[in-house]
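Paired with chain B in one complex and with chain C in the other, chain A is shared by the two complexes that follow.
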Partner chain A sequence: MNKEVGDPTSLGFKVQRRKKVKNLFLFVGPALLINVLIVLIPSISTVALSFFKWDGINPPIFIGFQNFKHIFLSMDFLQALTHNVIWTIVFLTIPVAMGLIGAELLRRSKQKFFLAFYFFPTILPIVVVGIIWSKIYHPIHGLGKYLGIALLGNTSTALYAIAFANIWAWWGFLCAVFYSAIQGISKDLYEAAKLDGATKWHEFRYITLPGILPTIVFMEIMTIIWSFQVFDWVWVTTQGGPAGSTELLATLMYKKAFYSYRVGEASAIGTMMAVFGMLATLIYYYLKRKGVEV
Partner chain B sequence: MRKFFIMMAMLLILVTIYAQDQIKITWWYEEVTPEHLNAMIKDLVEPYEKTHPNVDVEITVKTQLLEVLRAAIVAGKGPDIVMTMGPAEANRYAKAGLLFPLDEYIRKSGLDKEIPSLFLEIGKVYGKIYSIPKTIESMGIIYNKTLFEKNGWKIPKTREEWVALCEAIKKKGIIPVVAGNANWRPTNEHFVTVYLNHYAGPENVYKALTGQMSWSDPVFVKAIEMFKNDFKKYWPEFSVYTTLAPEDFVPMVATRQAAMLVIGTWGFQWVGDPAYWPSDDEWGWAPFPSLRDEVPYPIVDIGIGTTLSVNKSSKNPDVAADFLINIFTNKEGLGKLQKDFPGEWIAPVNIPSEAIPKDVDPVFVEHIQTQYKLLKEGKYGYTTWTFLGPETWQWCYEGIEKVWLDEITPEEYMKKWDEIFKKEFKEGIVPPVPPRK
Partner chain C sequence: MKEKVIVYALLLIFLVYALFPLYVATSASLKDRKELFLNPLGLPSHINTSNYVKAFETLKKAYINSTFLTLGTVIGVLLTVPPAAFALAKMKSRISSVLVGYFFFCTTIPILLSITPLYFIFSRLNLINSITGLVLIYIAYFSPFAILLMRSYFVTIPDELLEAALIDGASEWQAFWKVIFPIARPGTITMVVIVAMWSWNNFILPLTFLHEEGKIPVTVALAMLRGKWSAQWEIIMAASLLGALPIAILFAILHRRFIAGLAGTGLKG
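So, the complex of A and B:
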């Protein structure tokens, strides 16, 4: 029986499809291979190792859920988790607000030069920026001398001082993302609103915000994921001190693996970090399924 | 054209043959200044390469050496010469079969008769020696000698003299002891080491390290209580202390903003550098005072900064071992390093005075001679970074901050110390402590 071209059951269609898939793999293959080698395999290994007692040198010994039990009963882990939650709350609010305001002002002013200016700190290496901020905060040679307080040495200010430095380097990225999203909103809406007597606040509240809501939600979800992965900012400035007041899950994991020789426990912490990140992703998909515009 | 290709082919063959005859020995070193790296190349590597023209020794500086080295060695790779942060780390690798035994080479070279047995015993695993200490260090006081002479201050030998001195310095508006842990968080343990040894006494520390005594014994708790009070009174305020690095606090002593450093041998690499000591004031060194009548004066708290071993995966273990032994038998090179890289190359061998350049800091020479003399006389204590397992070590320097901030009491600190130590002792992770003389 002759089958028509375009018929999915026809031989010609199947051959075309196989060719398309082959071409697809040729394009995607290299990146996929790299991802499998440096992301998937280490991720699976980490989850697997979290069920073992391993010092990183001798053969691992299977111990089931002991590592998870140990970390959840450990004050160090709970303290680090608390710090990560605080960090997440700070980054879900302040830089996002700054990015939105910055993007809206850029839309109105049409001065694109400022976008490059705001974005510039994002491209600087974190190690370099962290060291510079440590010097800025220095109690003898820096601002600390005039403020009368060693911000990075004080247990109640150290975490926020590091977060402030991170926000300085980060908000420009959010500004750029939101500004980019705003370009997708029809200018006619703003014109029509103006003609109807809308104020600048009304434009922002009723046109800009709803127009870029999917982008805002997406960046909030990514912020949650990234907030649980923060390591370099703290490691360069305080290494979790003073007295554990800036300890985050990632720095605790690092110390467990390389200083305490408890790679199994470190893997358990890493697994939990991934779980928290996945929870954020699940929230995103839940909202999507509920029909919320994300 | 044909002749050209034949010549190129012959050249390639010659280079390949030459390359195969050349043996390359690699050595990963911790972060170091270019000047100090060049000093090691000049004083240790080049003399060896001159007498062994078929060997190229390559020193590579690695940031985060501890982490990078472990990943490489466990993967069966890594450098030929393995430099670790101390016997605790080296012994772990040895137990896992990752290091090459050095007994035969040590015996052949006569180093077994020269290196004090304490330093060979601590690198023994299952009866074989796998590491040799690269540098012997000890804690003490480096002070502004000019400032002391100007004010008529004397070096303290007892607890009472120590307190009187610190109070007198404080009255002048000068910080008695300046320090900071911004660059190296474990700096805290340097002072814990000093107070444990100079209050509780080396005998008690030895007993605790060998499991004969509990770390939660009142004598250790009182040592920490004393240290907590002294830290609050005589060290910089904690929030400032955690932000200071050597480039901040060493100049403070030179410029009389502070009077003393309670510091290890490595401090000499800074005081001799005008960038760290930007004044004409002289510096002096002295042992830390005894903090209890029952503890003798003077004693030095001995530590091993780093150890050297040979990687089991080395393609040329014999040559690597030969070079490693040569480091310790090259007395001329070691002598020169006392000037070119002071404080980091006090190898546990006898360096003849004629090998040491005349312009080496005499205070530094006095320090290493005193250190060696006290060690030989058995008047030494134990540093925490050399003789503790990794988790006890970590609690030692992290937990003390909670004591300073009154988050936990000295009792709670030493109780947890004891718990972690007992666990590691049972697991066989604590480095072996040879019997005291």
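So, the complex of A and C:
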């Protein structure tokens, strides 16, 4: 607030305020406008379209909650939802544990040099990494030849095989996030612990872990949000097959919208994906308010 | 001592794990068909670069398209993101904090939530198969994160600098571009490399908005290669590595900025 103006009801204050808002929009305006037109309005439209029956050509027909009722009673949606839940559980645990171990090892060895290599797979195009792992799993041209199994062609292994590939291109990111959070912990704590004769495990358990707990919780919440949005990985490796065993909400929605022209149903799936993400955000703010140190 | 050995052994295991798929791809890309079939995972017996020549021939047009997409997006965010980030860092008001919350919210909502209506809007406007149209979409999707990232740099710049520039009679707009923006160069570079990486790597957006074969970028072209050269993995591997090469080079030069920008905890909360 501007001190010279003083009385907030005075005319000068209002002019000042209006000028401030005008200035703010001069700076933010272009970015905000593009974002509202391309992200916000279409997103709201999708939520609206989820209450309509629409093939993308003829005028949409309002049908209330029919699309939601329909998808929750259909096997393909429930199957995809199950896959997303499995995916979320896998990513909440394995890569987070790997990232924590990696970060703690980097802290102990002080060899930051490794971090760039661990991080490198996370910045590669998912298409490229997906194709490389398809080759690795290939029954003739890859590991499959020696294992005697087509990991991506088998309904019981395909989803986990894709998740395993995704972990390769993901854990290094978590490792870097945790390592960067560890840098914020006071070195004195580790020194003091050493003097008290703490073991390396105690250092990790009682200094590192509580020190970066807020970051871990934040990344877990983001993991839930991101896990419901996975698309590229499945699209480039299996396109949802074999027999729907790798279908996720995102791929199912994409097929419904652009291949079967069931825009209403697709929109209902998209809306549900956003709802799951928002639930995760709500959990985060709930934890924060409860005073859990996150 | 023993502990140290274990720590380094584990670090090395992680390193091998991180490099193994890249080794598989590289070694396959250097083999000919017969050798790849007989020895899919071992080292190539001799260096054979003909796969790269073939792969590059096929990807040439897509390379150019990806370059235009990336450059266009980078120019777009350079014009729109820094002033927005600055305003949200320094012109504090109720509205600016609502906008910060809005942009954070944008980074969490799925692209798929907006893609269908956007497709129908863009086809009405004849912007399907338009690289410029896709550049606009990229700017819209990537700028919320870019704004929050640059904002965290602007927050650290002292107010006195801006005040000094304003006393010299410059408008806030001029003061920003002439004084503040140059100081924020490290933040700008970080933001630009991340946006460039996302523009080069994105798949679902060009898959949806570019259909003409002459318009598609590298990522979509690569996904189509598997249909085209169904079993010619040596060429597919060479093409995949070529597709990732520009990003890999960028990372080799600026890996600190990538890591700081993407994994720094500045955006938390």
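Assume the second predicted complex is superposed on the first by the 267 of 294 C-alpha atoms of A that agree within 3 Å, B and C clash if a C-alpha of one lies under 4 Å from a C-alpha of the other, contacts with A are read in each partner's own complex, and residues count from 1 in each chain.
Quick note on the criterion: a residue touches a chain if its C-beta (ideal position, glycine included) is under 8 Å from a C-beta of that chain, and two chains touch if they have at least 3 such contacts.
These numbers come from a predicted model, not from an experiment.
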Contacts of A:L124 with chain B and chain C, given as first, second, both or neither: second
Touched partner set for A:P210, first chain B, second chain C, both or neither: neither
Contacts of A:A243 with chain B and chain C, given as first, second, both or neither: first
Partner chain(s) touched by A:D55 [first = chain B, second = chain C, both, neither]: first
Touched partner set for A:Y137, first chain B, second chain C, both or neither: first
Residues of chain A touched, compared between chain B and chain C (which is higher): C
Contacts of A:A176 with chain B and chain C, given as first, second, both or neither: second
Chain B versus chain C as contact partner of A:N23, first or second or both or neither: second
Contacts of A:F258 with chain B and chain C, given as first, second, both or neither: both
Set of chain A residues, in rising order, touched by both chain B and chain C: 56, 134, 138, 140-141, 258
Complex contact set, residues of chain C against chain A: 3-4, 7-8, 10-11, 14-15, 17-19, 21-22, 24-25, 28, 36-37, 40-41, 79-81, 83-84, 86-88, 91, 93, 95-96, 99, 103, 106, 108-121, 136-137, 139-141, 143-144, 147, 172-173, 176, 197, 200-201, 203-204, 207-208, 218-220, 222-223, 226, 231, 233, 236-237, 240-241, 243-244, 247-248, 251, 255, 258-260, 262-265, 268-269
List of chain B residues in touch with chain A within their complex: 66-67, 70, 74, 92-93, 95-96, 98, 181-182, 185, 237-244, 248, 390-391, 394, 398, 401-402, 404-405, 407, 429
Interface residues, chain A side, partner chain B - complex: 55-58, 134, 137-141, 144, 149-150, 152-155, 238-244, 255, 258-262
Interfacial residue positions of chain A with respect to chain C in the complex: 20-21, 23-24, 26-28, 30-32, 34-35, 37-43, 45-47, 49, 56, 98, 101-102, 105-106, 108-109, 111, 114-129, 131-136, 138, 140-143, 145, 168, 172-173, 176-177, 179-181, 184, 200, 214-215, 218, 222, 225, 228-229, 231-232, 235-236, 250, 253-254, 257-258, 263, 266-267, 270-271, 273-274, 277-278, 281
